[in-house]
C-alpha cells in the first residue's frame, strides 16, 4: 500500500505534537537546528524528573534507543514499552485508551505504530506532547529532520544542492518524508530505483529526474541518500530486485565532497568496505539524530 | 478458580511489604492518602540513586508503567523485567532465588505473578521492601488503594456512600480487594453481574444486595465501579455473557455527582462516547493511582 | 563445542574494553577490588547523565539486572535491549552495525551474545568502552572477577587457598574464566565432575587434581565452587548425569570456614536447605558482583 497523504491539512503546532513533516516551516527548522547544535555540548539535566514513554507497537531498536538516549542525556527517564503485543493490548485495549493512560503517567510520549493513522488518532486524546516515531508506510518526521540536519551539518547549506535518492522509493517512508522537507529549499532531486520500486507519482514534482541506475547521476550528486529495501513491506512482490548497492567504482566517480547517507539498518546497499571513506556519513547521521531528538524533547518540554 | 483467602492472618507491617489489603487499617489508609496528596505536587527527587525492580511474570503495561513513572518522578530508577519467560526462569530458577538475587541489586521490588501464593513466598526470602503488583486471582492491593483514593478524592468522603460494582465479580481480583477495603467504612454495596459471574459467597456480607441488571440500582448509586470480563480467566466457560455495558440511558438516570470508575483496560463495558461525561472518572483514576504508588514507594523507602 | 581460546594474545587495556580475563594482571585486579570496596558505601552519582546500553542477544536477567543496578546506583541511566531478535537484527543488521549505532548514542555498552567471537568483533568497531557480558561458550570476564572478589572478601586472601570446582566443567564458561584468574595466584585447584563433563585438557595444568566425587576433597577445600549443568549447552548429550549436588553431609564434613559459592541460577546442585548455613556465600556473591560491576563502570567512565 502506498502511503496516504493524510497530513496535508495538518497544522498543529509542532511544539505540542510532532506528527508530520508538514508541520515544519523553514523557520521552525532553523530553530530546531539551532537547539540541536547546542545539544552536542552537554546541556546539563534540564529534564531531570521528567519521564518519556517509548510506546513501540512495532519494534525498532534504533529509533527507540535514540529517543531513550536523548531523554537520559537531558537528565530524564524513560519507560520502554516494546512489547505491546504482550500487554493490555492483547486484552483488547484501544490505542486511544493506552495513550490516554500513559499520558496520565508521563510527560511526553513517542509512538511507533504500524497503522498509517495511528499518530493522528493518538494526538486527539493525548494530554501531553507526543512525537510520531513512525507510523506504517506514512511518516517518520524525526528521521526526516535528522536527515536534513545531517545534510546541513555535512555541507554547510541546503540550498543549491543536488540530492540523489536510491533504493526502495515506493515503500520507504524516510524517502517520502525527507523529499517533502527538501522541497522547501532550492534543491535538485534525482530518484534512482528499479522500475517496481519507483517513487509514487503523488510525490513527484516538475524538475525531478528518475533513473534506473546510479551511473548517469553519481558524478553530479552532492548527497547520495540510499535506503534499504524493506522486504517486510513488499510481501506482495518478493521478486523485487534488491541488488541496488553502492560500489567502490561509484565512489571513485563521485565528487570528493559528496555525502553518502543511509538511515540504517542496511542489508547490503552499502558494503562495509566503504565505511572508512570519509564521505560515508551514515554513522555521523546517527549522532546528529541524537542531537535533533534531544532538541525536540527539550523544546517540547519547555527548555530554553 | 476462586481466589483463596490466604491473607486473613497476615499482619506484616505494610511499610516492609505490601502483600494484601488485609494489612491496612483505616489509620494506615489515612497516612497513605495524606502522602499521596503531597505527591500531586512535584515532591523533588527523594529517591535519587534508589532502584526499583519491576518483576513482572505476567505482562501488564498499565501497572508496570504506573510504578515505573512513580519511581522516576521521585528521582529513582527502574529495572523493567517483563520477559521473565526468556530469562533465568527458563533455566529453571525458582521464584525465591530470582527475588533473593534482585534483592541484592535493588532497593525495592514490585512483583506480579500468576500464582496466588507468589507474593507471600517472595516476601519470606526478600531482604528489601516488596509490593504485590497482582498475584493470580488473589490480591492486587495497590489497585484497591488507588480505587479507594479515587472515591475519596472524587466524593470527599467514603462513609455513607453507596457503591455498585458491576461486571465480572467472580474472577475480578480488583473487585474482591476493593470490597475488602470498603467494608472498613460505612458503605452500602450493590453487586450487578450475570448469574455465572456472581461474587463468590465468601466475599458476601449481610446487607449486600445482588442484582442481574443496573436498572434497579443506578439511581441510588454514588459510585459505579465497572470491571472487565477477563476472558483469559474464564476459559472454562466461554459462553459467559459479556454484554454488561453502561449506556447513555444509564447515565441519564444516574445522579449528577455519581462517579463512574473502571480499572481499565476496558473492552466495551463503557463506550468511549461516555468519556466526555464529567462523571467519567476512569482516567483521573489512573492519575490518582500514580500518586498512591508514589506515596507507597516513598514511604516504604523512608521518605518523610 | 569447547570454548576456543581466542583471547590469549589479547592485550587491549581493560579500561577501554573488558573482553577477556587475559587482560587482567594482579595489579589490575588489586585496583578493581579497591574501587569495588568503595562502592559498597554509596559513592554519590558520578555517572549522572551517562547512559549504558545493555545489549543482550541472549537473555540473562541476572547479568543484565546486575549491570543495570550498578549503573543506576552510580546515577547513570540504562537502555535495556533484551529483545534483539525483535529489532533491527531481524531486518538483517550485522552485530557490527548495531554496536556502531549504539556507540553513537551511549557512553558504554555491555554486550552478551551467543557467538564466541562476538565481543572481539564488537570492540573493533566500537568508539565507546565495551564490556563482554558473556560470549557463547567463551568468556564471561566480569563473572570471573566477581567470583574472585567473593573469595577475597570471604577469606581475606587468595594465595594459599584450595579451591574445588564441581559440576559442568566442560561447558561452564564461568569455571574456565575463574580458573584462569586463580592461576595468577598460589592456589590449589581440584576439579570434581562426571566423566562426560570434565574440564577440557587445554584448561588443565600440572598440579591440578581431578575427582569423580566430592568425598575425597571436601574436608581439605577452602572454597567450593559449584556450577549448574547448563542443559541448553549440552544438547548433543542429554544423558549427562546432573545429580552432582552438595548435601548436608558434605557440609558437615567441610571446614567451618569453607566458602560455598555458585554463580546461579541453580537447579538442584545446592538445595535451599543449605541457604541458612553461614558458609553459603552465593547471595553475598551477587552483592559483591554489584560492587565489582560498579567499579568497572565507574573506572572505565573516568571516575576516581
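For reference, chains read A, B and C in written order, and residue numbers begin at 1 within each chain.
Definition applied: contacts are C-beta pairs under 8 Å (C-beta built on N, C-alpha and C of every residue); 3 or more make two chains touch, one makes a residue touch a chain.
Since the model is a prediction, treat every value here as computed from it, not as a measurement.
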Graph class of chain-chain contacts, one of line, ring, star, complete, other: complete
For chain A placed onto chain B, the superposition rotation in degrees, Cα atoms, nearest 5: 120
Chain copies touching (chain A, chain C) - same or different residues, decided at half shared: different
CA centroid of chain A to CA centroid of chain C, Å: 40
Chain A, residues touching no fewer than two other chains: 77, 80, 83
Contact footprint of chain A on chain C as seen in their complex: 48-49, 51, 53, 77, 79-81, 83-84, 86-94, 96-98, 100-102, 104-106
Touch list for chain C against partner chain B, complex: 42, 45, 59-62, 65-66, 68-69, 72-73, 75, 77-78, 80, 82-83, 228, 230, 232, 264-267, 272, 283, 286-287, 289-290
